[in-house]
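Starting off with a structure, shown below.
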Amino acid sequence: MSNYKPLQGMEVPRYAGLATFFRLPINENPSSSEIDIGIIGVPWDGGTTNRPGARHGPREVRSASSLVRLYHPVSLKSPYDVSKVADLGDCSVNPADLKDSLSRIENFYTNINKLGIKPISIGGDHLISLPILRGIVKDKPLGMFHFDSHTDTWDSYFGGFKYTHGTPFRRAIEENLLDPKRIVMLGIRGSLYDPKDLDWAKEKGVTIITIDEFFKYGINKSMEIVKKVIGNNDAYLSFDIDGIDPTFAPGTGTPEVGGFTVRESQGILRELSNINFVGADVVEVSPPFDVNNQTSLVAANIAFEILCLMTKTSGKL
Amino acid sequence: MSNYKPLQGMEVPRYAGLATFFRLPINENPSSSEIDIGIIGVPWDGGTTNRPGARHGPREVRSASSLVRLYHPVSLKSPYDVSKVADLGDCSVNPADLKDSLSRIENFYTNINKLGIKPISIGGDHLISLPILRGIVKDKPLGMFHFDSHTDTWDSYFGGFKYTHGTPFRRAIEENLLDPKRIVMLGIRGSLYDPKDLDWAKEKGVTIITIDEFFKYGINKSMEIVKKVIGNNDAYLSFDIDGIDPTFAPGTGTPEVGGFTVRESQGILRELSNINFVGADVVEVSPPFDVNNQTSLVAANIAFEILCLMTKTSGKL
Amino acid sequence: MSNYKPLQGMEVPRYAGLATFFRLPINENPSSSEIDIGIIGVPWDGGTTNRPGARHGPREVRSASSLVRLYHPVSLKSPYDVSKVADLGDCSVNPADLKDSLSRIENFYTNINKLGIKPISIGGDHLISLPILRGIVKDKPLGMFHFDSHTDTWDSYFGGFKYTHGTPFRRAIEENLLDPKRIVMLGIRGSLYDPKDLDWAKEKGVTIITIDEFFKYGINKSMEIVKKVIGNNDAYLSFDIDGIDPTFAPGTGTPEVGGFTVRESQGILRELSNINFVGADVVEVSPPFDVNNQTSLVAANIAFEILCLMTKTSGKL
Amino acid sequence: MSNYKPLQGMEVPRYAGLATFFRLPINENPSSSEIDIGIIGVPWDGGTTNRPGARHGPREVRSASSLVRLYHPVSLKSPYDVSKVADLGDCSVNPADLKDSLSRIENFYTNINKLGIKPISIGGDHLISLPILRGIVKDKPLGMFHFDSHTDTWDSYFGGFKYTHGTPFRRAIEENLLDPKRIVMLGIRGSLYDPKDLDWAKEKGVTIITIDEFFKYGINKSMEIVKKVIGNNDAYLSFDIDGIDPTFAPGTGTPEVGGFTVRESQGILRELSNINFVGADVVEVSPPFDVNNQTSLVAANIAFEILCLMTKTSGKL
Amino acid sequence: MSNYKPLQGMEVPRYAGLATFFRLPINENPSSSEIDIGIIGVPWDGGTTNRPGARHGPREVRSASSLVRLYHPVSLKSPYDVSKVADLGDCSVNPADLKDSLSRIENFYTNINKLGIKPISIGGDHLISLPILRGIVKDKPLGMFHFDSHTDTWDSYFGGFKYTHGTPFRRAIEENLLDPKRIVMLGIRGSLYDPKDLDWAKEKGVTIITIDEFFKYGINKSMEIVKKVIGNNDAYLSFDIDGIDPTFAPGTGTPEVGGFTVRESQGILRELSNINFVGADVVEVSPPFDVNNQTSLVAANIAFEILCLMTKTSGKL
Amino acid sequence: MSNYKPLQGMEVPRYAGLATFFRLPINENPSSSEIDIGIIGVPWDGGTTNRPGARHGPREVRSASSLVRLYHPVSLKSPYDVSKVADLGDCSVNPADLKDSLSRIENFYTNINKLGIKPISIGGDHLISLPILRGIVKDKPLGMFHFDSHTDTWDSYFGGFKYTHGTPFRRAIEENLLDPKRIVMLGIRGSLYDPKDLDWAKEKGVTIITIDEFFKYGINKSMEIVKKVIGNNDAYLSFDIDGIDPTFAPGTGTPEVGGFTVRESQGILRELSNINFVGADVVEVSPPFDVNNQTSLVAANIAFEILCLMTKTSGKL
């Protein structure tokens, strides 16, 4: 497998051929130093407290990603010209056992990390970020750009249960996988269970920019804050599709109305080209709640923007 | 029934349990002074001249409202901390007899009014506003904030027929239930039957802010006009879901493209916290034309904003 | 709450009013000897190995059941004339913790059993049958009529995991909750993982009638076998909606084409009026995969047939 | 307009061109003796007590009917070779006024009748049959073949209201428009409001063949009864699409599971070629509840079978 | 046919009656000087390289256009007061033969052009613009306002194939049907096959305003460029529905996320009232991929804006 | 690639992993003698005269086929135990050029034939059968079992055009690829363009069993005819999904109501185990018209039955 290039739509129609991420070659058993960036499906939604279905995300995002071409529309650069990128298949999971799944995912990413591959993961629900971080954070905690409508820093659900898609970043901060002072959560919105829902994260030093604050500040000032907080050291990018308005991305389990458009989301991501992301995920795409695969198409385009960010081929007008 | 609090999503998953408005207790036979605000379904669409289905609105908005939590995201206050709020069930209607239904609805609201309960009604088509106003206006006409793409002040349809969802506010002004000089209609748009469609209302003194005017003026100036026109006396809030763009709220009978986003709609409502609303409705949600219950979810969130307005727990950044 | 009768559709339109099972009164805290048969939602799908969503079954079956009237079309008798029937609400579950959920369900049904209420449970995935049986089987194992396309007697999945919706009846037989010699599994079909998939159950003495055998034998002979095997002692009825053809009941997680029509399914159930069912469930309705709520409507009608069976008000022409 | 032939699909693709019934010429102002059979839309659902939307039936059935070709598959004869058939457009209605609509429909059909045109009407809800019969029955009552899951002979709804889609044939018998002794209702099924629901019709002499009786008797014996009861005098054919199983015809307001397949329905109709039908309707197609326009396609094919019956070009193998 | 006015919704409900464009009279055989503007369906998608279905566009846009009324909401003027407008039916096509179809379309428009009728065409895929231009450009090349997310100026596909919906404007410029120096392409966006995808057009002198450039410049400056480039001579307007964001217009074959809202699109069109458009098309509406006919409704409203532009009855606040 | 076995669902959840046919290994460049049976996608619908979309068939059938397991439910045998089966990827096509596509497909199958691989092709529209037969018929014409609602033996469309999905078998008989005396067409039904539509085929000696004849004869007698006509020599199996009732398989371009159920279709196929099929196709699955991927699931199961037939691992009770 010598050529890590997507199939070209001018030669093979885009609806044809096997559905891999971005029509890239599939490599389910990569060896050391071969691949720079691996795109990985994590078909698991066992941490979902509300509407399920994110386990079907990887398959549908793969299919929708056939519509994404090779070059970024603003920079006119392609990630495939500068990096070796492949579809690494799906991580092993157990749909009926949460703990077993956390362990399988952590092991998978530990191995990816050893091979020197930077992962872009397609979920799956947001709890997958925790075992991914456990797998790839080996020395010191990462900073994080977290795009979402929820902070996902609740402590527990249903009488003390600690592991759900509403808790991954509380656990990750507790486990020193993330440095709260280098985390920005952008787009937080929606009614709250309690007026103190955001307090724990803030007390730890997390910077929260609610969607209302974002539009009050404007994109320029908001992104200045983001870049300053995260800084130049290694960081992780976690993109919850429910940060986008549910009209644009209806296929998700916990929709919050009043969110970002896709255009705004693209504009936000394009500001982040100087951050050093060592991994990323796009989570909470739930195809059973989707409408005509729109959400999968949005997720595929967002994943392409992130791929461009990680290969420094993104662009901003 | 001593505790008028919604079921908590951290204890009972939000998709579980009986579907009442906002997971509130149901009280189909309230007695005097017990309840401050009652949320009421009016499952009737007999005044619909175009695409029907709004009779199914209450059931689906109840179901979608399970996703709304307890605290306003900007004020961090909850309506349930300051008022007793309950789901009062559905008003009695007759789906095949318009006049009988107008009478049943008026009687229901006359009783609600006697009990001192302020109603938030979930329609149903827009004609329900007329018998609701007949039931709750006892002394002097109300002012009104009317969010809609249509003025609903036509005179008659189909050869002189006076009662349809296109005529309620003409009748209400004629019957002195509303004071036209204290009415603002916001968001009016879409092609017209006649260049004089808006003239009758304007001649009566109604303030109309078309969507084009809104965006020309900007939200600040527009809302200044709204607040000045309606003033401090009692007012009614009538929210037609078709004021929102049909991409965001497709489940409605008379869609007009080019409308407000949900975020803009939330922003508009949050400006109205000083108006003294004694009743409100959210109408024209037609689930058979909805896509994945998106419109019901929007309507539930809008109803929550209105509930916060009426309990002064709304917020504006 | 003295009157356990459904709301009448000739008085309140069937789409109106709160959505309870069969428009029955809701009683979430029943006391001893008050209720004969309780209809219970079990909104949990944590045992699902394939497509999820059965957690949403109870809410949608409740809504669809508004369309079911009071009298059986063949016997012209009504269950509500001979028994006190109520909607007991939803059993408590934990969507992210399988073991906790099995324990919560078992406790709930242990209590129902103490109150002398016979349960009809609306799932939820098929694993719920296991904790239900643990809760209601106190003395000796039950017989069972099991309508399904799968035997659900696999041993384990994903490297030895014992609890999924493919294993409940293996566990129940191992735990002596069911008497395999008094079990009939009807409708088994679809491609197999292994030619020995059915062997364990057969070796334990379970009677399996595949769908091919059913049509070879004909309904009369098939049902003779069923009645003879189950006999007169107490029995359980477990109805997996995927026993019905997925065209008729698409909203399910593991569809097997080539199944029973609804009319055939009704005909099968109507033959069982002499069996002494002490409990029943209708499982695997997954609304996110449903088409226009058809599956929920089928499930509601099936649940009504079962209610008639349990109250001896069923009929056969 | 000299040529009453459908547009040919081998020349103009079937999805192209204006959507008229069977791609026939449209004639909204027919004159005397020009046309033998007129196909008429009645876009009205004001008598609907449950789920609305049948007002949209004519438009969608017109669109789906493009797929129907010219010759009957068994007889190999075409109605267009022996009769002049045209699309007469839609009857005038008032969606918000039941009485006005009944009057408009009656007037329309009185005129059709005067022109000597036999109508095939596409509804609309089942109440339209009443004013149609008022318009076309001038001398003596007609016999009727009534295909349905409901008898539609209830007396009144919602506290004495006499005109709904559940009452047309009670009114028609009371008004001496139909001769109950020459009526057969076939396919009746589904749970009942009351064990006496069918008694009034039976007492008047109507022959009811429930779906269970139909399958017990077999098609031959059942249709012998039908033909014998209706006899040779003029008769009407009323086909409620909900007589067909809702999996095959989901787009209807009052679905009853366990109904006829389309193939069975075609077989039943093909037995009726000797009856002298002077008019017919296909009602209760509700496109907002349809799935991919399947129900409209079924209705178009059923209407074609009826057209063949009325032109004696039907066939039976 | 003396009255070229749409049917009025206050007299005949908008869902009723035959579905013609804007409820206008149909005239499939127009004669000279009778009609000013003809609206024409071109039900063909044989040039589609990706997702098909645009052949179904004309029928569904006709149906959706029933919801458009007669007067422009800003100008309060109606195109029907100043011009004779009719639905001219569908152009003849051959769904299985690309060359035959190009020839049929060209012939149709050559005839329209001879009759002095200005066409507004409803596609169909974007390749139809080529034979339309061949039919209507008789003397000198036209300018063009091209609203789209793609430039449609690729050279060839699939090994040298020259005619697809990605190539029409390259062919049209090569054939001197369009003057590249008077073309503006607005809204171009989305990932690219090659960094040079836009170069050929630019080298020919085409002005491309990408969506990013549009929002950087603002609408005023952008539209100044458009008006200056196109100038006062005759021009064509080609509106690809995929220029609009796929959330607003999902029913299209090559969706590019991050596009214009409908409101922005309306605002853009309303700036063009001084350009002398001699023809226009709205293409790439693919109903099989649509959601609840939203895209057809958007297309109908866009076509109404264009009709107002061509009759100088458009308005801008 | 030494192991031609599907991925096991007890190890990797069936929704996970890459979507290949039956979860088999993919081999896009097979070499001689390696593979016995190849499953091939032909993503092309350029011959479609009515509703398109069959080009999307291969991708969705691949995805749905994940739900098919390894062993036949009646024979308890697996094709993978006796033959080497692989997914050979998609055949090259040109969506905008019919002739080029016919040539590409023929070349692909000529090569497959040279490698000694028996193909099971997943279409695509029915015209693909023609170039497939051109590719694999090298010596003498094949017999054929043709399951369909149409004979596909029309001569030409749209003024003499010879190549559409309505003409493949006329061309194949003319080209001596098929022996008409060894062809059976089963399931033919639906209204006709002309009473002579079936005459050409009959005159050539083709045996046509209409669906009405099938049910008159019964399955046993019908299949006796099939087996006798086709005999023992090499034959082809062409399965048009529209032979199945459109309620069961709605995702198809030319639906004919009143067809076979899936169970009946399975029963028919299971009778054919003694015929020597050297190739087969499953065509006309059009995902854009599908409902929840039901048709793709049916097609995957039908393809599995055919695979079992070709490997003699099918079963009949």
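A, B, C, D, E and F label the chains in the order they appear, each numbered from 1.
One rule holds in what follows: a residue touches a chain if its C-beta (ideal position, glycine included) is under 8 Å from a C-beta of that chain, and two chains touch if they have at least 3 such contacts.
All values derive from a computational prediction rather than experimental measurement.
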item: Shared interface partners, meaning chains that touch subunit A and subunit E; value: B, F
item: Chain-contact steps, minimal, separating subunit D from subunit A; value: 2
item: Greatest separation from subunit F - chain, by CA centre; value: B
item: Furthest chain, CA centroid comparison against subunit A; value: D
item: Interface numbering overlap (same over half, different under half) for subunit A and subunit B; value: different
item: Euclidean distance of C-alpha centroids - subunit D vs subunit F, Å; value: 38
item: Approximate Å spacing (C-alpha centroids) for the pair subunit B, subunit D; value: 39
item: Centroid distance [mean C-alpha coordinates] between subunit F and subunit B, Å; value: 55
item: Subunit E residues counted as touching two or more neighbouring chains; value: 13, 15, 49-51, 55-56, 95, 157-159, 247, 261, 289, 291
item: Pairwise chain contacts under the document criterion; value: A-B, A-C, A-E, A-F, B-C, B-D, B-E, C-D, C-F, D-E, D-F, E-F
item: Subunit A to subunit E touching residues, read off their complex; value: 8-11, 13-15, 67-74, 76-78, 247-248, 261-263, 266, 291-292, 294, 297-298, 301, 304, 317
item: Sites on subunit E touched by subunit F in the complex; value: 45-53, 55-56, 94-98, 100, 157-159, 161, 163-164, 288-289
item: Residues of subunit D that touch subunit C when the two form their complex; value: 49-51, 154, 157-159, 188-195, 197, 210-213, 216, 245-247, 250, 254-255, 257-259, 261, 289, 291
item: Subunit A residues within the subunit F interface of the complex; value: 12-13, 15-20, 26, 41, 43, 55-56, 58-59, 62-63, 89-90, 92-93, 95
